[in-house]
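You will see two complexes here that share subunit A, one where it goes with subunit B and one where it goes with subunit C.
Entry: the complex of A and B
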C-alpha cells in the first residue's frame, strides 16, 4: 500500500499573524453593569441605548446557556474582555490615515486591494471599533448610506436606527442576543433608497486581534422598495490559547420587490466561539439570498433566518461548512413562511475531517396564512475520514395543507475512483482531494464573486493540504 | 537496462482477496500498437488500471518497468508524469474544474512549466475541432453532464493535448454510435501520427481497430494472457470469438 499523506495541523500563517495590543485600550474582563456603562460612555451612546444595554444585560443573566448544541463550557464570560479599542482609534476614510500596524493587517488580508478592484464601499473593523469606512462617490451620490452604526446613531438616520435596532433579533431571543444587546460595538449601517440598485458589492471585514476578547459588531441593513444590494462580510482572527468570542448580530430589512444578497466567508481562528445571529425580514415580492461559508472557529452556532413576511417573498440559502480537527460547527438556517405564495430554497454542503464535527440544523416553518408556499431543503455531507462526524437535523413545522415541501439529504465520502482519475493525469493526491472538496462546495463557490470564490478554494486547500500552493 | 517502453513481468493483482490478474507478461516497444482482447470479466480493465497504479488493486507479485524504471510501487500521478496515460471506460464527472483548466493544470504538472494561456487555447481549439467537439465544452465542468460520446471525446482530447509516450485506451469505443467511433478513431490516428506514442488498446470489439495498424494482439482470459499474435489474430477473434481460448 502507498503511504497516505497526513497533515497533522494546518499552517494558517496567512491569517494567523497577530499584532501586539499593548497600546490598545481594554476594559476589564467580565460582565457587570459598570462595564456596560463604561462601554456606553466610551461610545457616546444616546440615552435610550444605555437603557437598552442595561436591560439586555439583565435579560442575559436570566436566560440559560443553550443545552441542545455543541458545548460552550470552555467559554468563561468572567474572562472575556468585551471592549478593546485599537490605539489612536478614529474612523478614517483613507487607508493612509489608518495606523500603520492595523493598515498592514488589512493589506495582508487583501482588503484595500479588493476595494480598489471590485467593491463599492468598504468597512474595516479591528477589535471593537471600525478603523476605516469609505464608499465610492457614485454610490453615495445615489443616496446610499454606508457608515458605522455609532455615528449613524447621532445623525440623520438616528430615528430609523432606533426603530429597527434589535427589533428583528430582540435581546430576549437567546442568551447571546442579550449579551450582544448589552455590549455591542462597531458594525455597519446601510440604507439603500427606493429604486436604487447598487451594482457592485459593499463589504465589511471584521478582524479580532486581541487575545481573550469578544467582538460584538452589529450590522443593520435596510433596503427600501425596488432596490438591490449585495453585501459581503469577511472575518478572521489570529489563534490564541485563550477563548475568544464572537457574538455579532445582523439585521436585514428587505423592502417590497427588493433583493438583498448577503455573502459571508467566515474564517475565525480555532479558539473562537462563534455565536452569531443573523436575520432577514422580507416584504412582498422581495428576496433575500444568503451565501455562507463557515470555515473557522472552535464552536459555531449559526443559523441565518429568513422571515418571509409579504406575499411572494423568497429566500435562498447556499451554505458550506468545513469542520476540521477540534471544530464543532453547528450551522444551518431557518425560514419562516408567514405570507401567501412565499418560497424558500436551502442548499447546503458540510465537510468534516480529522475528527471535526459538522451538524446541519434547519427549521422550516409554514404558518396557516402561508398558503401556496414552497420550500425545498437539500443538504449533503462529505466525511473525509473515519474519525469525523456529520449530522443532519432538519425540522419542519407545516401548518397549512396548501403548500409544497421537499427535503433531501445525502452523506458520502470521496470516491477513490475520482481520486484515481485525477491522479492519472498527473495531479498529486492532495491536490486531487482538495479539488474534489472544492467541487463539492461549488454551490457556494459559484455564488461568490470571483475573488471570494478563489479565497474560499484557498481555504479549502489550506484545510486539505496544509499550505497555500 | 531495458530498451522496451513497457515491460510487465509476472504481474499479479487482487481486489478484496480475489485474484484477478494471475501472472501477466507483456512487452510494448515505443511507438507500437498493441491490442488486448478477451471476454467480459477476464481482467482487461483491471490490467490497464493496475499498470496505472490504481490503489484499489493490490499488486501481489511481479514487476512493471516503464521507460526503464521500476514503477511497480509508484503512485499514479508519478506514473502519469513519466508519460503514461489511461483513457477511462467510464470517465468521472468532477464538478469544480473546467475541462480546459483541468487539461492545462495536468500539462503544467507533467512538464513542470508554466503554460501560456494563449498558446494553450489555440491548440485546444484546434484539437477540439478535430474531434468535432463544441468549443463550449472547454468551459464546462469536467465531464459533468456530458453525453457518453462527449466524455470519450474529452478523453481523446486529453490524450492529444498531454502527448504521452504510452496511451492505454480502456474500451474507448464502447457505447458509441458509428459516427462517434469514427471521430474517436481519427483522434487516435492523429495521436499516432503527431505524437508517435505507443498504444495499448483494451477492447472486446474491433471497430476502433479498423483504421489502425496493429502490431501485436494479446488474448486475456481469466487473468492470464493465453495467446499472442499479430493483427490477424484480431480477424480470427472477429470470426470465431474467444471460445477456443476458454
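Entry: the complex of A and C
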C-alpha cells in the first residue's frame, strides 16, 4: 500500500513575524457612520470624499453577502478594526527616516533591496498608512507621478482623481466594494504621461501587522496614450488567531495604444479574508496584462476584470492559485468584450493540497457590438491528494455571431510515470513533485521578473515540503 | 418555477444559475401512440422512483405532485435484451397543456432502447411537460432517444433523472428543433463501479426560440465514465443556455469525465450562454471540458468558396453536419430519417 506523509503546516517564517502594535492608534471595532467620519477626518478628506464614504456605507448595508462563493461566516465586521495608524506614521521618502521597527519589517521582506536592484519606485503601506513612497529621479523626470493617493487628493491631480476614483468599481458593484468605498485608506496613485515608457517596474507593498484589522488600500493607475508601465503589487501579514480582512480596490485606466502589466504575488496569512476587487478599462489598441499568483489567505474572492472598451483592445490573464490546508481560494478573472476586434487570453493553473479548496471562476462576456472579437480560456487544475478539492466554473455569454470563442479545461493528478522518470534521474520524490508543480505553474513564473519568479517558486517549494503522496 | 438550477452557482449578474418556467399549467395527461415490444411490462399508477433527483430539480417534482399526475411504470425483466425499441409518439394539436410521466426500471443485465418523438402541428401552442426517471440495475443498459419537432408556440419541460448501478449504462440522445422555450434537464448518478453515461445533444434554433439545458453527472462509484457532447446552431434571435456539470465525488477514483460543446452562431441577434463546470473532490480522476463558439473559420470558408459553394450553402451544410453528428449516433434508421427529413424542410 502506498504511504502518504503530510506536514501539519508550512514554515512561513519569512512572512510570519509580527511587531507589537501597542503604540499604534486604532479606531474602535465595527462599522458605523461615526467610525467612517473619524477615518475621513484622519485622512483630511475633501468634503466630497466624506459624502462618498457615507453613501458607500449605506450601500454596504443594503447589499447582501454573496450566496455563490466560499463561506465568509467567520468574518464578523463588528470585530474588525477598519483603521490602524502606526506610531510615527509620517510618510517618508528615505528608508532611513522610517521608524526602525517598520523599516526592519520591510527589510526582512526584501523591499528596500528590491528597490535598489530592480524597481523604479516603491510605495510601502503598513496597516492603514503609507510609511514610505519614493520614485527614482529619472522616472519622475519623465513626468511619471507615483505618490500616495491621499496626498494626490489635495494636489494638482485632485480633479483627475475625483473623476476616476471608484468609477470603474462603483460601490454598488458588490458588498465589499461598498465597504471599501466607506473605509478605504492608503494606496497609490500612478500617472504615466502620453508616450512615456517606464522601463523598470514600480512596486507597492502592503503589510498588515495589526491583529483583527482590515486593510483597504486603493490603487489608481492611469496610463495615458502610447505609454507603458509594469506595476507590481505584493502583500503579506503575520498569522493571528482572529480574522483579518483585506478589501482593497485596484482601478486601472489603460489609454489608447498603451500597455499596463499588473503583477501580484499575494501571500496573506492564513487567517485573512481577501475580498479584493481589481478592474481595468482598456481603450483602443491598448492592452492589460494581469499576472497573478495567489498563495495566501484563509478565504479569497479575487477576479481581476478587464473591460475592453476600445477597438482592438486586448487582455491577458495568467494566474496560479495554490490552496493548502485551511484555505478556500476562489479566484479567476472576468473579461468584458465591449468593442470591435477585441481579444482576450486567459491561462490559469490551480493546485489543491492538504485539504485546500481551489475554485477557478471566470466569465467571458461578448456584447453585440464586439464584432470580430476573440477569446481563449485555458484552465488546468492539479489535485495533490484525495482530501482536497478543485472546481472550475467558467461562464461564457456571447451576444454576437461574429466572434471566435474557445475554452478548454483539464483536471487531474501528477502522473506517476513522470515522478518515476524524474526519480530514475536521481531526484527524490519530494523534489520531483515540487519540480512538476513548479513547471505546472510556469505560465505565471515566466511572466514575472526574475526575482519575483524565484519568490513564487520558493512559495511553491514551501507549500510542497512533505507533500509526498 | 425555478428550473434547471446548476449545483454550483456563479455570479448572479450573469443570470445563468437557473431558469424560470413561468405560467406553466398542466391539465391533461398526454395521449401517446406507443409501441412496446413483447416482454416489457408497462403499468399506469401513482408516481414511482420519487426518490430519484432530476436535472430540472425539486420544484419540477413538486409541480408534478401538485398536479396529481399518474405515472407509466415500465419494467424490463432481468437478463433480457430487446433489439426492438419502445416507441412513443406524442403529437400536439392546437391548444396543449399536456404531461407524461414515466418511471423505467431496467433489471440486472437487461437492455432497452426507448424512443420518444415529440411533434406538433405548426399552429399548436401551450405547455408540455415530460418526465422520465430510471434505474439501471447491475449490468443493465438503457438508451433514451428523444426528438423534438414542435412549434415555436409551445413551451416544453423535458426532465430526466436516474441512477446506474455497477456496470450499468445510460445513454441519452436528444435532437431539438423548435419550441418557444425548451427546458432540458438530465441528472445521472453513477453509483456503481464502472457505471457509465453518455449524453449527446444536437439542436437547431431559429426565430426567437429558446433552449435552456442542465446536464448533471455525479461520479460516485469507482472507475465511472461520462461523456457529454453538445452540438448546436443558433440562427436569427435564438437563445441558448447550456449548463453542464461533471461532479467527481470523493471516492470516485479512476473515473473519467468529459464534456464538449460546439456552437455555430448564425444569427444577428443570438444569445449563447455556456457554463461547463467540473467539480472535483477526488485526486485520481481525469476531467476535461472544451467549447468552441462562433462563426465558421475564415480559412475553411475560403477553401469551400474557392470550390464553388456560396456562403449560404456552406453555412447550411455545416449546420446540418453538426446535427448529423448527433443523429448518426441513433441506431434506429426510422428516427434518423425523420431527423434528416425535418432538416430538409427547415
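In this text, the second predicted complex is superposed on the first by the 460 of 469 C-alpha atoms of A that agree within 3 Å, B and C clash if a C-alpha of one lies under 4 Å from a C-alpha of the other, contacts with A are read in each partner's own complex, and residues count from 1 in each chain.
In the analysis below, a residue touches a chain if its C-beta (ideal position, glycine included) is under 8 Å from a C-beta of that chain, and two chains touch if they have at least 3 such contacts.
What you see is a predicted model, and the numbers here were worked out from it, not measured in a lab.
Asks: Mind checking the superposed model to see whether subunit B and subunit C fit together on subunit A or clash?
Replies: fit
Asks: For A:363, decide between first (touching subunit B), second (touching subunit C), both and neither.
Replies: second
Asks: With the two structures laid over each other on chain A, which partner does A:399 touch: subunit B (first), subunit C (second), both, or neither?
Replies: second
Asks: Scan A:96 for contacts with subunit B and subunit C and give back first, second, both or neither.
Replies: In the superposition, A:96 contacts neither subunit B nor subunit C.
Asks: In the superposed arrangement, which partner chain does A:137 touch: subunit B (first), subunit C (second), both, or neither?
Replies: Once the two structures are laid over each other on A, A:137 reaches no partner at all.
Asks: Let me test your reading of the model: by the given contact rule, A:421 touches which partner, first (subunit B), second (subunit C), both or neither?
Replies: A:421: touches subunit B, not subunit C.
Asks: Pick one for A:408: touches subunit B only (first), subunit C only (second), both, or neither.
Replies: second
Asks: Subunit A residues in contact: does subunit B have more, or subunit C?
Replies: In the superposed model, C touches more residues of subunit A.
Asks: Quick one: minimum Cα-Cα distance, subunit B versus subunit C, in the superposed arrangement, integer Å.
Replies: 14
Asks: I'd like to check the shared interface: which positions of subunit A are touched by both subunit B and subunit C across the two complexes?
Replies: In subunit A, nothing is touched by subunit B and also by subunit C.
Asks: Which residues of subunit A touch subunit C in the complex?
Replies: Checking each residue of subunit A against subunit C gives 67-68, 361, 363, 365, 368, 381, 383-386, 388-413, 469.
Asks: Which bits of subunit A are touching subunit B when the two form their complex?
Replies: Residues 1-2, 415-418, 420-429, 432, 435-436, 438-442, 445.
Asks: If we count contacts the way the header does, which residues on subunit C are in touch with subunit A in the complex?
Replies: Residues in contact with subunit A: 8-12, 14, 16-17, 234, 248, 250, 253, 265-295, 297.
Asks: Show me the residue ranges of subunit B that touch subunit A in the complex, using the header's touch definition.
Replies: So the residues of subunit B in touch with subunit A come to 49, 52-56, 58, 73, 75-77, 80-81, 85-86, 88, 91-92, 94-97, 102, 105-106, 109-110, 141, 158, 162.
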